[in-house]
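Written below as structure tokens is the structure these notes are about.
Per-chain residue numbering starts at 1, and chain names A, B, C and D are given in the order in which the chains are listed.
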Amino acid sequence: MKNYKTMVLSNQEISPGYYRMRILAPGFGASARPGQFVMFRVQTSLPPLLRRPFGIFRTGFLPPDCEGQPPKEYLELLYKVVGRGTNIMAGLHHGDRVEVLGPLGRGFDPGNPAEEKILVGGGIGLVPLYMLASHLTKTSSVRLLMGGRTREDILAVTEFERLGVETYVSTDDGSLGEEGLVTEVLKRKLEKFPGASVYACGPMPMIEAVQRICAERKVPLQVSLEALMACGLGACLGCVVKGAGHSEEIPRYLCTCKEGPVFRAEQLDWARMGEETGYCEGCKS
Amino acid sequence: MKNYKTMVLSNQEISPGYYRMRILAPGFGASARPGQFVMFRVQTSLPPLLRRPFGIFRTGFLPPDCEGQPPKEYLELLYKVVGRGTNIMAGLHHGDRVEVLGPLGRGFDPGNPAEEKILVGGGIGLVPLYMLASHLTKTSSVRLLMGGRTREDILAVTEFERLGVETYVSTDDGSLGEEGLVTEVLKRKLEKFPGASVYACGPMPMIEAVQRICAERKVPLQVSLEALMACGLGACLGCVVKGAGHSEEIPRYLCTCKEGPVFRAEQLDWARMGEETGYCEGCKS
Amino acid sequence: MSSETTKASQSVTGPRLAVNIAGIEMKNPVMPASGTFGYGEEYAPFLDLENIGAIVTKGLSLKPKAGNPTPRIAETISGMLNAIGLQNVGVDAFIKYKLPFLREVTTPVIVNFFGNTLEEYGEVAKRLSDIPEVAGVELNISCPNVKKGGIVFGTDPKAAAEVVSLVRKNLAKPLIAKLTPNVTDITVIARAVEESGADAICCINTLTGMSIDIKTRRPRLANRTGGLSGPAIRPIAVRMVHQVAQTVKVPVIGVGGIVRPSDAIEFLIAGATAVQVGTANFVDPGIMPAIVEGIEQYCIEEGIDDINELVGSLQV
Amino acid sequence: MSSETTKASQSVTGPRLAVNIAGIEMKNPVMPASGTFGYGEEYAPFLDLENIGAIVTKGLSLKPKAGNPTPRIAETISGMLNAIGLQNVGVDAFIKYKLPFLREVTTPVIVNFFGNTLEEYGEVAKRLSDIPEVAGVELNISCPNVKKGGIVFGTDPKAAAEVVSLVRKNLAKPLIAKLTPNVTDITVIARAVEESGADAICCINTLTGMSIDIKTRRPRLANRTGGLSGPAIRPIAVRMVHQVAQTVKVPVIGVGGIVRPSDAIEFLIAGATAVQVGTANFVDPGIMPAIVEGIEQYCIEEGIDDINELVGSLQV
């Protein structure tokens, strides 16, 4: 966990509105675990004031510029342009100064190697699943169920396949893969693999549906949540989510940045989850 | 007078910390008079919040990109990097979007063609004098006395010479031209040309010294002043300067943006001038 | 039949943006904030004055007023400080020299004014009372009462009520009271001015601030302190407009940090019937018509036929 | 002789940055603002806690407090709104679980706390009174008094005085009163808390603000309103710090929108003996030591041997 004052290596649009950014980050990979995130400072001047949280898509090494030098370690983000900060990010180029605070939070628990693993990703929610998959495929059989509104929201599928992950795509409009919701695919897969563990990341309505499906079938589930964050360190208490057993009288708040962003489903208060999302009201309608 | 929503054509460092920016501005030249200025919006997003005032160095035409097209009219600024806004400006490139409000204010009165004209410029204060010189040289004999701290503050001298202006340079450290103050040169010239008219622009201490010299010798003087500005249009009343006859009881404030920036020396209250400059306290010490 | 068609085709041209503030009919809810638009004429080269809801003048006093020494303005982070000190030509010179230009425009003219004593407020009101071109007045009560040891009229509910009552008595035109945000509880002042006869409430004026040049160790403003305006203060202004709109029955005009259409819409949702644009006029002299267009666009996208549906539509 | 040499060589290493706030000796005038630095531990990976003037904890209450529903934060232009609702572990859990970490650091620890009733304030003070690791306390009086119909302690000079007197009685440690800026005249409150025994005054807390999502037409905060912090409020904070420093004899701690060394210096010149850095910790967790360095650099450039020379050195 460190504040990397570093620079952009590359930043490319990979699908309309989606970008992939590589950032120089020596030593980052050794400390990062699947499901963790970073707080990204869009530019060294203000605005925007606050950093933006992004999942770690992957880490890796680039060949050095000159022979004899060590390879350059990078951190890769995959992001969707939605507002002010991500709009500025989309305009960054090689060499631009940025700051990355991380790796932060608690990642996924890899679980029992013997079990089947089903990863469920919605849109940009696939980000933390890639690093997870690259770990899990070493020992387990891994399936990825990817959902999106349209084909343009389906990203990096080939990269998952290259890891040996069996991939199922569904889109709301049928423009890629099956037409329909990813949760329908999940139901079918769970019929076939009732002993599987599920790992999910995506929009809240999807996460809630996945939770219901897993709870009904008593399938172990880990979810990665989003929340508005100021510090990313457990200091501001801006990012809390209601924990299991939460009530007005005995409130149980958990920090998404520190106790999450990955939670076991049992840790959370699902009944009250939908009430307070706020930051993505837009995407719920 | 118009708000040009336009773009940068070029932006070059011409001396350490001094830049020359050309901005596309069709039709601008026809309406601009020597001594007028523009309110420049550094970038179309905020910050900085307020526009920055800059003198019009010159206007001109660039050859078109393709044959058959009309030539491109430009407005040229010459500016010194001093703070936040000018720092951002220094980073602008061809094609960057900017906004220019102008031409604004009252420029120089060309005066009687028969008279000798002496222009006195201090540092970046030479900016409005160039366009003035290019008008005056058509009918009068024109001399430019340029002062600066060091050789790096002496700009565009060859351009004045190309207009046929006789140029005298002095620097505080003697690194270019004569060592000493430009006002000493002025005294000598006024001995030689007692019937001359003087036009001055530069830091307030220079302007004040020029005023004393001209007042003693009853030489007509026009000065171009700087002031902190918000609107540039006479609406906010932020940029006022004390007019002749000003007193606590009968205050006579003039708007630098609208009644100036060029004033005849008689319009102003020189006794109280130094008291309230504020924006350039730094350069007075 | 043909007139019917015209009506129908008019109604499909777009949402209704007209609002009524205390009897002043405005084409749309966007007008300048006092002191940022001169006397209207200064901005005429950059926008069609017919396209804004109203024109609000620089604050006037009984006698011409010199204002403060310079420097009078300082840029801050996302805002600016001003200590103009209410320099103005005085009400008589306004009527004589500035009003004739405004006579040519059909857009309603709201005259902002202030006094340093109760009597001055009353006297200015009288002089404006039978000028037909004045559609309404906006009372700036953020001024210190020189007779009462400098306590600011607008920070004391009693003093605020007194001023409003007096002006109400001297003037039969729509009366807008403009409140200062430098108070513990703006709803107390809002209630006081409503009860004393204000037909509408405008909030907010500037927040008192200060900025220091660390090189010279002097205040950036000759007056030491000044009024903070611009985007920096918007969240405070939205809060106060919402509080006031919840408290009073008269319409509220929202002002403070509006630079984009979405900012204006935020105020309308919070409870403002109209908005004023201040500092943003300096940034872009053509901004008001652009804000009107942006509001219209939003209404179309959101299926709002009449802007008044939006007013106070906050979901809580 | 050799010890003399050491002394001399120490004095040439740089300007003296140490300040004393009500008996709390600080290496330098920079400390975190309550609620933006957790309980210290959260930031330990990013800075050496020995290098800041003091550590100020998240506000504590008698019992653990849940805080508000989410969303609790919203970014605004050059600022942020927060409605955390003072979520905290409670004073006892703090002493048991959070203090042991702070025991390892020599930097003085200032505990910020609040209550919803007078009695709660008194009780927390008692529990902290004989904890040796607590160098001093900071009283947050920006909370509504549940017993008195929700009126905020810090907006009423009497209520503010009562709280401070009670805590003063229950606690022999340095006592800092932290004031809310949401008042008509902050000097009245400052005088009241000084007279009731506050050893220092910290200002300002956040300004109440609101932000609305125009798509959903809902407040961005579940609590509707929240506290505005960050660079946007700095001019207001500087003004209030200056006013308070002119009014009281006790030292003043300046807070509000500091993101750069020059901002901290501005507060010192305005009259603050020390400063707190809040929101900026979120932007850059290593910012406080950088601000200390920047202040040192400024002192060297300006020929200031002792930071206390700078305090209140405004030229007017």
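Observations on the model:
In this section, a residue touches a chain if its C-beta (ideal position, glycine included) is under 8 Å from a C-beta of that chain, and two chains touch if they have at least 3 such contacts.
This structure is a prediction, so every number in the text was calculated from the model and none was measured.
Graph distance from subunit A to subunit C, where chains that touch are one step apart, equals 2. In this assembly, the chain whose C-alpha centre lies farthest from subunit A is B.
With each centre defined as the average position of its C-alpha atoms, the distance from subunit B to subunit C rounds to 36 Å. Rounded to whole angstrom, the centroid-to-centroid distance between subunit B and subunit D, based on C-alpha atoms, equals 47 Å.
Chain contacts: subunit C has residues 77-79, 216, 218, 231 touching two or more partner chains. Residue positions 46-47 of subunit B each touch two or more of the other chains. Against subunit C, in their complex, subunit D makes its touches with residues 76-79, 81, 155, 182-185, 207-212, 214, 216-219, 224-225, 228, 231-236, 238-239, 242, 257, 262, 265-266, 269-270, 298, 313-316. Against subunit C, in their complex, subunit B makes its touches with residues 1-3, 41, 46-51, 99, 101, 227-241, 251, 253, 275-279, 281-282.
By the touch criterion given at the top, residues 35-38, 42-43, 45-46, 58, 66-67, 69-75, 77-80, 82, 84, 87, 213, 215-216, 218, 220-222, 230-231, 259, 279, 281-286 of subunit C touch subunit B in their complex.
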